[in-house]
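Naming follows writing order (A, B, C and D), and every chain is counted from residue 1.
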Amino acid sequence: MKRFLAAACFTVLTVLSATICIAAPGTIKIGALFSVTGPPSFLGEPERNTAKMEVDEINAKGGINGKKIELIVYDTTGDATKAVQAANRLIKEDKVVAIIGPSTTGESMAVLPVAEKEQIPLISCAAGSKITDPVKKWVFKTAQNDGLAVAKIYEYLNKKKISKIAIITVSDGFGSSGREQLKVNAAKFGIQIVEDSTFGPKDTDMTAQLTKIRGSQAQAIICWGTNPGPAMIAKNVKQLGIKLPLFMSHGVSSKKFIELAGDAADGIILPSGRVIVSDVLPSSDKQKKSLIAFVKDYQKHYKTEGDHFGGHAWDAVMLLKNAIEKGGETPSQIRDQLEKTQNIAGIGGIFNFSPTDHAGLSKDAFVLVQIKDKDWALVK
Amino acid sequence: MRFLNSEILKFILLALFILILPHVAHEGYLLNVLVFVGIHSILALALNLLLGYAGQISLGHAGFFGLGAYISGILTATYSLNPWIAMLIAASVVTLLSFAVGFPVLKLKGHYLAMATLGLGVIIYIVFNEAVDYTGGPSGLSGIPNLSIGTFSFDTDIRNYYLIWTFALIAIALSLNLVHSRIGRALRAIHDSEVAARVMGVNARLMKVQIFALSAGLSAIAGSLYAHTMTFVSPASFGFNFSVELVTMVIIGGLASIYGSLLGAALLTVLPELLRAFQDYDIIVYGLLLIIMTMFMPGGLAKGFPQAASYLRTRFGKRSSPDA
Amino acid sequence: MELSDQIAQYLVSGLSTGAIYALIGLGFAIIYNSTEIINFAQGELVMLGGMFALFFINFLHLPLPLAVLSAVASTTAAGVLFERLTIRPLKAATPLSLIIITIGGSILIRGIAMLVWGKDTHAIPAFSGTEPILIGTATILPQHLWIFALTLLAIAMNKLFFNYTITGKAMRACAVNKRAAGLVGIDVRKMVLYSFAISASLGSLAGIIVAPLTMTSYDVGIMLGLKGFCAAIIGGLSAGAGTVLGGLLLGVLESLGAGLISSGYKDAIAFIILLLILFIRPQGLFGKAETERV
Amino acid sequence: MLEVRKLTQRFGGITALEDVSFTARKGLITGVIGPNGAGKTTLFNVITGIYSQTSGSVHLDNADISRIPAEMLAARGLVRTFQNIELFGNMTVLENVMLGLHSRSSSGILSCMLKMPWHVKEEKYIRQQASEWLDFSGITDLSAQKAANLPFGKGRLLEIARAMAVHPSILLMDEPAAGLNNSETHELAVLIRKIRDKGVTVVMVEHDMELVMDICDRILVLNLGRMLAEGTPREIQENPAVVAAYLGEG
């Protein structure tokens, strides 16, 4: 009996001590949910780094309307359960006025009902189009819809008169969303998917799938995934001596991919945000200024190149800052102002929100790039 | 009879504690954590029946939990079935399925059993990911309704808290009855010496399979509760990691201890909240905890507290007198 | 392309991935055969091997042979340390507590690796180029040959060590009966330590040699470890040909499954086959049946 | 009555038992002796269904029990103790004995969980019977102890109490006196006689010749898996083949 009571007291105490938290007066609290660890850490880590960097910068310049921003980041490890717990904590415990993230579509879909119920604006950094389609009152997103990237590739294929393709997608949230969009949009562009295969995020050899593709009628291969799988595929394609043109998704538009795939990366074409080609953009490009600022900053702080995943968080912070400056700092003021966002150039593209569109980007958010001599080149 | 009374008293105290807790505790966020503590308690309890009492490891329980969640979720979100009926179907299907699979699986022992259950968990996880048309694939299944009675819907934290803890208390009461019965004794006997148990007339094989099915069925109910509370499910919550987490809850709480399961579940659910301060370091703390608990507190918290207390007392006593 | 050509490629691909599983499975089997411990952290030792190699090659710019040696030495030290700190102090070691401790160890090692090397994936240059080698109509990479060679070498060394050296024989004695081995004067704890050292060095060697193919990151050990464990179980946990055949079989089944049935379900197919094997022949496809003693 | 007919047991190439036949008559104490490796424990393992024999058969009260699995034999009145006492260490002494009544109770998982009235009644009966058997073995004062904490001699008594709780018609004891001191062995002899007086047939493997000659009614001698002799203690003592086998070993 005594033992049980002691244990119970212990538990309660730990819980209580966890919830004690002191808020600094005169700050605006913004919450963030990123999968800093776990399988999607390739998204969460640059997102957290970027968000922190940008908030520090805003605070260094005096904050928003004279108030400092306090950014509270929780790690969700890619797990929907943890994401929901963390969202509840941000809203009910930390009393944030808005939430940035989560990083993946799955987590975003899990957190979405919480945001709606508690009436807190949420700016997701995930790409899945179902996050904002149909439109939810409190939910926005900054990552470009996968459908836009798919359209960019399909347009190019049409131009090159290629109509039969094979797709190979990773079996996680990113890949399955891409796979869905590839299938949905194919008919519209008169493209036929003759081979549809997948690979696991931790697979180390995809020659089996590629051998099957080699045996099919496909005239091109589209691979949808994030590192390291696609690099493996590029190498396997080379090993098998497959001569078909290889397309990748924006999931690998970072120097890391070129480093991993080595020589095998040469010639691969992919849609990408403008980040990686910021220096070769024409100076008339509206995004160029913010892109170059972001890339430089990130390089300075974290010693590696900023990528467009970090860009999603950058855009989210920027949009929030903008909304708070113009609208006010209560959740509903922020939401209303976010919806009025027009023509703001960020990292991912130019944002135009409206009551019927909470995704805000057009397919011009993407450019097609080709890998040449271990560097990016714009495809005209 | 004294033993019976103290058991009942303990249970009533726990029930009162749970009843009052939301009124004492911080509103809002803590309540949400306590909802998950409840779900995890049911899961730890279910696994403890198998692992702690019958001594059979399962590294695939997250799979059964997930099956419960997905069956319930799909039936209600896609086929608009009543959530209660869906929960019943989920529990029955998982119980029957695990009963059938249990016969070949529980023939295995030790690491072979660990591997087989792990394999089961992985297969179930892959199905969640790949059967996109039904499960929604890696990005999950949304639009699952809350449980409701008439027009009263369990859609707030406080309502879910009482709903889930009602289930947890029932599960605790039933488990307490079970472990103090001939079945409970037979399970522990199998754990200690399977041969001797069989000679005493315990059908070890059948008993193990039955408890495996019961454990899986209970996990499925927890899964169903989870799905209707979260209103969303995705595969990442039901992977190998979560199976290990469940085993950890049982070990840390105390093998073959019903209340220990509660402690383990509470600690492991609250711990990540505390560790948020550490961010990237929590995985290390987690691994260390698993090792240290197994090494120094094999009885878990339920037995470890008194153990540690008496250890400290003797240590302290020794120090006050000159070293002998 | 002809179906037969495709199948030839599936087989060759399967064999080359299978060799990776086999090599990792051998690490499991060696520890098991001298201690009856299944080391769930074996996959993490494989990962450490790759990570250390990366560190020595890319950061310290050591020549390849020296980098490999240093990486093996570092991982072996880690394996020994793990045994000394967790397995040895354990008083009442039950199979359950050992499973849990080694799982805890794997999480810990993974966590430390994540902090030290970050979460990125890294590439290691291939030992002798990436020009594909043609076998009939199928192709493999030079690195695969290294893997095959190392696997053969590992089996041979293993046979020699366990059959012809005193220490090797003593370790086998410990596996059969710890108490009896102790009574005839064998230092059982030392033997346990040795087997951890051996399997850590074999695991790290495997990790180094597969890294140019699979690339390496802090969490690469989970899947590799799991597949290696499968290979060992299929092979009846024998520290020799059984496990190698198990690994090759697993690789080929996966590759055929991905090519002919469904790429999404290929891991499920592999695990279903593993379960069937466990159900029908729990002693493994190539193991001998053992009678339970009372 | 237990009857063993032409029992043969092989493990791979090794023959542990060959063509062993004997009868343990109702209400008597039958001793099984023989040098180490004679196959005594194997014989018990075959009879109790833990091994399945290569050929031959085992009959209990004229019913063939050769292919009946171990867990079904308790209900038929056949039970055994083990050489290295197999107690349920994590359970209390009382609970150990209560387990002996497992085969004589029948509540299923559901009725146990729901505490159905018949289950409560059954549980009461089990508890009362168990205390009686503790009393019978003279270890009532230890009933709340954990079995793992018992000294070896008491553990032996507990194992016997547990076996008796099954209500056996035949009790097989594997070296009951092993590890006991003189006074404990004496206590044991008294207890075994008490068991026989309750009408239980006893078959025991034993190395302690003094004990065997003292309490056994019939003796069976095994050597290298074969039957060497069978008879009363006096006949066995005078059998030259037996003497040779024991001398040969010593």
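The criterion applied here is as follows: a residue touches a chain if its C-beta (ideal position, glycine included) is under 8 Å from a C-beta of that chain, and two chains touch if they have at least 3 such contacts.
Just so you know, these numbers come straight off a predicted model, no measurement behind them.
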- Message: Can you check which chain pair, A-B or B-D, has more C-beta pairs in contact?
- Response: A-B
- Message: Measuring between Cα centroids, what's the chain most distant from chain D?
- Response: A
- Query: Roughly how many whole angstrom separate the Cα centroids of chain A and chain B?
  - Reply: 34
- chain B and chain D: spacing of chain centres that average the CA atoms, whole Å: 40
- How many Å are there between the centre of chain B and the centre of chain C, using C-alpha atoms for each centre? 32
- Just give me the whole-number Å value for how far the CA centre of chain C lies from that of chain D. 46
- Which chain B residues sit where two or more other chains touch them? 129-130, 195, 280, 283
- Item | Touching two or more other chains - residues of chain A | 37, 39, 171, 198
- Query: At which residue positions does chain D touch at least two other chains?
  - Reply: 50, 82
- Note on the structure: Within their complex, chain B touches chain C through residues 51, 55, 57, 104-105, 107-108, 110-112, 114-116, 118-120, 122-123, 126-127, 129-130, 195, 240, 244, 247-248, 251, 280-281, 283-284, 286-291, 294-295, 298
- Item | Complex interface listing, chain D residues touching chain B | 48, 50, 69-75, 79-80, 82, 86-91, 95, 98-103, 105, 107-109, 112-115, 119, 122-123, 126, 162-163, 166
- Query: Given the complex with chain D, which residues does chain B contribute to the contact?
  - Reply: 174-175, 177-178, 181-186, 188-189, 191-193, 195-204, 210-211, 214, 256
- Query: Which part of chain B faces chain A closely enough to touch in the complex?
  - Reply: 6, 9-10, 13-14, 17, 21, 25-30, 32-34, 36, 129-130, 132, 137-140, 142, 155, 157, 226, 230-237, 259, 263, 266-267, 270, 272-274, 276, 279-280, 282-283, 301-302, 305-306
- Interfacial residue positions of chain C with respect to chain B in the complex: 38, 86, 89-90, 92, 95-97, 99-101, 103-112, 114-115, 222, 226, 229-230, 233, 262, 264-265, 267-268, 271-272, 274-275, 278-279, 282, 294
